[in-house]
């Protein structure tokens, strides 16, 4: 039987025994050969709770880096997905989010149908995931005991960095990146930046703006401070936004159309699909205007709002984008 | 004697004995009947410190959900406000902020005079509220002991979620919502969103922008990413901003005027009270321009900056606002 | 021998013994007289690890506020810089960042050459600084033990507030201010605000926007919500941005040029160095347009985009800036 994905980890159970969170230290996608055979030998499709001892042979042979799991004083969870089917449980949802953040799958390549239905809204606290029906009493009891109990977020999605920090990234504020975000090598996310699940930056990238669900930022492209990318969940409609290589969306700018490579949107300008844009070619000849959606995905475009006439224009992006190397190495 | 508000809780005292924070698990506003009578029997107007045992009869009879308070090894605080008078102490300020966040009072309905004078700037840390004069030594001593001591904010207002998480909300980053915010059922606050005290969203709402002090967002209205609402504390002047039902302020947009129902401001456009706006009626006839403040509170308006002429226009908002149901159910 | 800077503190060492973080409770810049003599007597130039006992005489005589250091059960670190030379170690980098945040040096006055090379990217967690090569195992072991281990950021720079909270400031979310930021007395940083290292606000200021590396905001100037200042690391090029006194950059606005005193940029307008700006003098006479960089550093300018013509204009800023006193005292 084929194995689409497999992981062994630690669930967080609510007081009533519901699984509200899973941590998978070493998820696998499409394992092959002896590894796949070992999974098939030790585990069955679907999910199962098991005593750590029951996973000893597999872990010692195949995932020695997960050996601390054997010291757990509570059951582990194993999830084996034969195929990339719709999500049918909380544990499956967490496994797919792990695949994205572990860089085992790119955004928009996994079947995430059902994810909202199978993720519960949970309080993410300094004591871990807490079911909402238990929260008020937990807060009160902590106060009574003189302890501090911090509620960091209340969401279906936890923050990525508490599950995995992929190599070569910098994250100014981990609360702004959900589990399920994809951060390629060399991605820096500054304080105003945020990345949703099933969205990401291929790296290297400087992300000071918002990467909405479904949006992917190509290599060497930068999102300026508070720059916006319209997501399919947030009014972006049918068009899935992607941004190619070596693009720059200036600070406080935004796009509602996909961009090809080497495109620039000047700081403060928001291009929506319906924006009427005058085209100015390399010889200064005017055409159009056209709706911005007609320019979707094209390369070498420079979008500005002319500061004397207020006209939104699209010009040939003559400037080679000399990406500040220091910007990517450091900030 | 009438009771405007009452609460029993746990104070945090500074080393010198000042009350710098209060946690009230079950605040009450305008209790009636037997509950009001019980409060009058057991407590006197004003605030008082009392041993937990002294509150046992009241808690067991009237607030069993607060029973863990009886296990405290330090005094409780009781605050009884006969009327909605100006704030006269730190504990009173905390009680009124709790009323707002527990959805017992809408923004702009409580007398908050004196709140700034009675709230001290405090370090909110992973060890709870710490008076600023004690902070440097606490930080140093924690380091010496090899412990981590995290200073999360330095502010008069703590974060709401450490006091109450009202039902049916999602909060991506709790540090952006102050105690005293009002989050109605169905409110989702994404990473760029923030809500000040005495401000809020009636729910359901998607809040990805900033709700300033005094501002209320009506049902089924959305604030796009980094969208701005001018607050009375931040240059908005005399006009209190409110936003009606089914409005949309696009990403990186903003408003300095109140909006009625079914209004849209396009992404990236900031309307201030003084913006001169051309009016285009349903038949395409032009009027005006008028200052935007003359349009304050009107419904069914669509604000755009024409992308060919740079003119700010106000049109009839023909599009029924088909709020993405999924947007409110999930994100 | 002259002493440019000196500090005694606690380092965090990685498992392999690398210094990845230093906490200096009482850094000194250009100490004089008996203090300088005492430093010269007890310490040698450069950095050294020493047992707490070896620092007893100095601390008791010269830095009694640092006495808790004597209780450490591990070595201290002493750093003595004879001159303001390029940074040559992690400890030196931390010392210079401390000088800035302790208000001992203004931004752009220290030699920070080499800082990126000598600061490692570290996970900043609820257990303190953790070397990245140790992070995954630490996370897994904490989960196995049922403990919560929070990764707050992954960055070369930690958050300032965990090292020092200068007097008279308010910080809504400490994760947005790096160590090395300069916050003058009376600085309030609201949720959308952020301040990079070697950047700051002289105070009093309301900071609801982004202060990029190298940028300084003058007294009584305000940065509106999500307002942007271009940094030299982020495409701002050669011009170092500074903003004079009593300026206002409106919400969602931004500047790519330095401003003198009493300048205003209206909400939503982004001025870049290349923006062509029409000049309107006090008598309403037009000149220009000129590129905004020609206006760099001039005072009493009001920048708007005319809402009827879309033209970016620079007018004489007639309005006395009546800074809302309450804004600075409270928010």
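By written order: A, B and C. Residues from 1 in each chain.
The rule is simple: a residue touches a chain if its C-beta (ideal position, glycine included) is under 8 Å from a C-beta of that chain, and two chains touch if they have at least 3 such contacts.
All of these numbers come straight from a predicted model, not from anything done at the bench.
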item	value
Interface residue identity across copies chain A, chain C - same or different by half	different
Fitted rotation between chain A and its twin chain B in degrees, CA, nearest 5	120
Chain A and chain C, separation of their C-alpha mean positions in angstrom	29
Where chain B touches two or more other chains, by residue	126, 152, 173, 175, 192, 226, 252, 268, 305-306, 309-311
In the complex, chain A residues that touch chain B	116, 121, 123, 126, 132, 135-137, 139-141, 143-144, 146, 148-156, 173, 175-176, 178, 192, 194, 210, 213, 226, 228, 230, 233-235, 252-254, 256, 268-270, 272, 275-278, 289, 305-306, 309-312
Footprint of chain C on chain A - complex, ascending	10, 23, 25, 65-66, 68-69, 71-74, 125-128, 152, 159, 161-165, 167, 169-175, 190-192, 206, 208, 222, 224-226, 248, 250-252, 266-268, 305-311, 324, 326-327, 329-331
